[in-house]
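Have a look at this one.
Letters A, B, C, D, E and F name the chains as they come in the text, with residue numbers starting at 1 for each one.
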Amino acid sequence: MQRGDGRNFNQLRPITITPGFQSFAEGSVLIEQGKTRVICSVSMEDRVPQFLRNSGTGWVTAEYSMLPRSTVTRTQRDSSAGKISGRSQEIQRLIGRSLRSCVDMAALGERSFIVDCDVIQADAGTRTASITGSYIALYLAFKKMVDMGILSKMPFTSQVAAVSVSIFKGNIVLDPCYDEDFQAEVDFNLVMNDRGEFVEIQGTAEGKAFSRDTLDQVLKLGEAGIRQLFDIQKGITQPQL
Amino acid sequence: MQRGDGRNFNQLRPITITPGFQSFAEGSVLIEQGKTRVICSVSMEDRVPQFLRNSGTGWVTAEYSMLPRSTVTRTQRDSSAGKISGRSQEIQRLIGRSLRSCVDMAALGERSFIVDCDVIQADAGTRTASITGSYIALYLAFKKMVDMGILSKMPFTSQVAAVSVSIFKGNIVLDPCYDEDFQAEVDFNLVMNDRGEFVEIQGTAEGKAFSRDTLDQVLKLGEAGIRQLFDIQKGITQPQL
Amino acid sequence: MQRGDGRNFNQLRPITITPGFQSFAEGSVLIEQGKTRVICSVSMEDRVPQFLRNSGTGWVTAEYSMLPRSTVTRTQRDSSAGKISGRSQEIQRLIGRSLRSCVDMAALGERSFIVDCDVIQADAGTRTASITGSYIALYLAFKKMVDMGILSKMPFTSQVAAVSVSIFKGNIVLDPCYDEDFQAEVDFNLVMNDRGEFVEIQGTAEGKAFSRDTLDQVLKLGEAGIRQLFDIQKGITQPQL
Amino acid sequence: MQRGDGRNFNQLRPITITPGFQSFAEGSVLIEQGKTRVICSVSMEDRVPQFLRNSGTGWVTAEYSMLPRSTVTRTQRDSSAGKISGRSQEIQRLIGRSLRSCVDMAALGERSFIVDCDVIQADAGTRTASITGSYIALYLAFKKMVDMGILSKMPFTSQVAAVSVSIFKGNIVLDPCYDEDFQAEVDFNLVMNDRGEFVEIQGTAEGKAFSRDTLDQVLKLGEAGIRQLFDIQKGITQPQL
Amino acid sequence: MQRGDGRNFNQLRPITITPGFQSFAEGSVLIEQGKTRVICSVSMEDRVPQFLRNSGTGWVTAEYSMLPRSTVTRTQRDSSAGKISGRSQEIQRLIGRSLRSCVDMAALGERSFIVDCDVIQADAGTRTASITGSYIALYLAFKKMVDMGILSKMPFTSQVAAVSVSIFKGNIVLDPCYDEDFQAEVDFNLVMNDRGEFVEIQGTAEGKAFSRDTLDQVLKLGEAGIRQLFDIQKGITQPQL
Amino acid sequence: MQRGDGRNFNQLRPITITPGFQSFAEGSVLIEQGKTRVICSVSMEDRVPQFLRNSGTGWVTAEYSMLPRSTVTRTQRDSSAGKISGRSQEIQRLIGRSLRSCVDMAALGERSFIVDCDVIQADAGTRTASITGSYIALYLAFKKMVDMGILSKMPFTSQVAAVSVSIFKGNIVLDPCYDEDFQAEVDFNLVMNDRGEFVEIQGTAEGKAFSRDTLDQVLKLGEAGIRQLFDIQKGITQPQL
């Protein structure tokens, strides 16, 4: 199968990660995955949510939003609607959980790291690109805090990245763009760490339910894609390698 | 492994489904799964969301809420907070998608079926119990509409049910209660249809990532549990069998 | 006059009070009055509103809400509207005042008792059934706190119960059901204590104003009804009698 | 008993009604009752609420609000809180019902009359002064519409006015001011028409329940006060008498 | 040019300032400028915004709102809309800045003075009348606090007043009324102190941009008008002169 | 005077305008003015606000928002606060008015052009950069519509641009950066068209009032700056010149 944009079924879109995109942030990247572009920026605050006070441990949380014209037709701002949309809430909860899975909270002390994911352009896969990019933004923020002596060591317990897989016209395709995603029968979001373990699996078959066999193929394809993302991330965090 | 409430790792909690719980609704059940109790009620409206107008097809959607004292300590009402919590939104979106996966929208005509899931008591598994129970409430509503000649046939394309699986102290357990769920390393919610296909898979490892091998065991255990739920549902829909 | 459901003008609907309905609550009942069904549950919190801090006295307050399909056609949730409806606010203020009238606040210490009244089914009289049922839920909560040594004695100063009376097609009827209430010319809600005193009187004549003489008959009829409710309440609180 | 401001127990505060206070309104008054001052203004709109469309009949509704410094210490604006307070909602519902009781809705045609009651200064009795004053504002608006030929006749079916009565230190007093109201054991709001009928009775005994005998005295005292208010209203509407 | 209401282009509307309008406030006036009428009232609170805590200095802030029927057709309340309108926010920020420009914050101690500007009738120029009137309300509040020994001296550093100027049918007119303002090509709001300095200049040319030369004439006309307002203010604050 | 960043008092920061930044928009630019960076994107919709329906004319409006980490310390999202901040509202109203001043609304037909200004990085002057950039984004959108035959001609009546001027430590400086702006005694925002006319003048002296003479110098300095901005804009719209 040849895909609309010429890719093979198992091929990621071209990925560029620009570190330092928002220069005031503790850590910041612009991640571009095909036409999808997301700014991920990290802010450190010297306080933690209520349930962690006096626990000595920290927290990582995320907020996700789309610029109104990141989409093909304009999307109303959450602030105009007066509340965060259900979709945004669901995504920011996913990003937060995924990042927390790879961080040793005790190593943060009583500090919060807030990751803002703002979508400049949405051509599908914004939530998985947000996770992949936020790992780097968080890396940059942690590194800065280690360099300043605020953290005593890098608090990561693993690397984390994410990818989407869709079943589109009966074919399983890695990292779908909007045209593929929009018509997909099933959508998967896979989040993994670099020990080859799953952090989050979400498979949603509104159009057409899927078999156990299909799931196995999806997981294999996604895992291969995520392994490539780990290499791209390492290009930023370990440039010498 | 013996569980806290005496169950085996692969055993569901006792389930009771009481049809006709809210007598004004087009269809209604109280589903009790152990100490978890949810009212699922269906309302039909002669209108569809904006994007379906003049399409000739209908819609199924869900709302989910917990009574303030369904929980061990009182939970603030969403209405007092002035907005629906992120968790509630995520759950009601899942319930809606799961139900739509088993309904032929064209067979509904331009009508909406709104499923209200109100949790009377929450001892874990409220979202999966909501799906299992809502299928019956929807069945009752559809049947009433067929009997009244408003629908020409039952619009179901399959049966749908859901179950949770947790990894708790390293063991994989079916249908965890709150004590198990609260301490779980990984949570899975599985939604399947009666053709043995997956409608939704959600695996969330905030505590500890999980391997491919673990996932395989989880899916097998969950599938066996859901097969039992299909039989319980059939006890209501096909009592003669 | 024979009423639609066969009752006499001075007859209450059948009443059932099920204690312990929400098992996590400090006190809980399901009260069923004809087809009207309300869950009343009490939560204790170790804090009081701002204006009572350091006063040594406690507080009793109430929240009231209807499940969307408690009504003949579905009612939108307050949480979707983003605010509590005027009607709900008015009712929960009435329930709170009525309960406070029969409790010695000083005997509570600096603790709040929050009474949640959630209407499962609404066939008129939900606010008065909420008061009658909440008295029992509060009784059960207080009793538990006395048994645990948290309160030193039962803080009640009296028993409290409530009933509706309507003028319907020119007749004065006790405890109207929805069909009678909907067409009523005048609605009364009466709250009394077991010393035969009035705690709250509300008479509302949107359709047709009423004379002093009519008021006298209404009060007499209501008082007789409330005396029966006190006996039903005692069946729970003093079962040996 | 001599009252704090020198009045007898059965004496109203001095009342002044200034017609035409807000000159853009269809009808407007400033009513001053002692230190309590309320602006009541009426706006006509050529549309009715949803449930009255195509019914040929009109509607009268009210909104009530207090200026922040109408009170002894500043009260936060409802607009800053982002919602109308429960107390304001309860009061505006009462005002609306009271006014509707004296108007023939069919005579309005499909038009809404919105009565805005804005409290400039609050020294108790703002809701009853709002009703008494709004009757005149509505009279002025209706008269203007009759003069302009928009209404064919005055749509009033009766005159309406309201007064408060409190039980304060064991004494029953008419039209209490803030110092009396604040310490009252029981508060009554009575709304009557000029046929001597009751439109609304509200008796609230948070402090101390009241007997049937007390109620009878309250009603008698209130009725005498309201009769004086009818005369004051007639001084505006029938100045020649 | 003769204006619609007979004034010369450089003539203010008649101005009346009634001190003590809301008698519970620390300082209060009703300012009437032609048909425009605004209540300005000052409340003192013993706390300051977060950013000033422990700074030893105080704060002056303003809130602005229009009664629904201050306008020719009824305006919806901000509280019904659930938020403060953009226009109201813009105006109350302007009033606050203007008043702060003439007050020595250190002389207030850690106290807030909240100025409520409530428009009873709006015939243009409500924001400038609010500033001119609020200066007097603040004067009265400060004086009361000095008299009570709470402030050790009057904290004013200058007098402040404001006026509007419009370009209307090509003519520059001082203090336009609604008919002139509504059709104006350009609107100016000028705030000055009594040292002849500008505190705020706002010129808005939605209809037709304006030249530098026009601006010069506007400033000259506005300054002359504000000088008259200073004299009117002094009539209240220095009546003996 | 030498400024902190080495500029002369009358020197703009380096400006880069990148057209086509958000590729789905009808027109889009990234404008960078020193470290200040704003995305301006235009969306066309085939509908107009209520007050323009059936008028045959169109509308231009703007929305303004800052990314949370555009600022030195993180700013809470408006969507989390549940409402648009007063500052954002004030700015987006200014942008909208400024753009409307240079567009012939009748030439748009009944269409709305919504300009979204999203601040990526805020180093002062975000509102003026938004205006300068939005003119180009609007130019690109109009041009596309003319090329597609949807508009018959370019609807601009003039070019529009804006700049800030501050009085900082007694010196008048053009286009201040954050360090200068933060400590400024007076802030001016000037909007002009290319006929040398003023569209909007805002001068705000919270710190220290300013004389007429100072104002004259500010206007002269600002005008010279804006003339340079017109040339930079022309570099995009008339690249051949």
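Keep this in mind: a contact is a pair of C-beta atoms (placed from the backbone, for glycine too) under 8 Å apart; a residue touches a chain by one contact, two chains touch by 3 or more.
If you want to know which protein each chain is, UniProt gives these names: A, B, C, D, E, F = Ribonuclease PH.
No experiment lies behind these values; they were computed from the predicted model shown.
Q: Common contacts of chain A and chain E?
A: Touching chain A as well as chain E, we find F.
Q: Find out how few touching-chain steps suffice to connect chain A with chain D.
A: Graph distance in the chain contact network comes out at 3.
Q: Same or different for chain A and chain F, when you check if over half of the residue numbers at their contact belong to both copies?
A: Copies use mostly the same positions to touch.
Q: Please report how many Å separate the Cα centroid of chain D from that of chain F, as a whole number.
A: 51
Q: Would you mind pulling out the distance in Å between where the CA atoms of chain B average out and where those of chain C do?
A: 33
Q: For chain C, what residues touch not just one other chain but two or more?
A: Correct list: 82-84.
Q: What is the shape of the graph in which nodes denote protein chains and edges denote touching chain pairs (line, ring, star, complete, other)?
A: Per interface graph, the chains form a ring.
Q: Could you list all chains around the ring, opening with chain D and heading toward chain E first?
A: The cyclic sequence of chains is D, E, F, A, B, C, beginning at chain D and stepping to chain E.
Q: Per the contact definition, I'd like the list of chain F residues that touch chain A in the complex.
A: Against chain A, the touching part of chain F is residues 21-25, 28, 35, 39, 41-43, 45, 63, 65, 67-74, 77-84, 114, 116, 118, 120-121.
Q: For chain F, which residues count as touching chain E in their complex?
A: On the chain F side, the touching residues are 83-84, 86, 89-90, 92-93, 97, 100-101, 158, 192-193, 195-206, 209-212, 215, 219.
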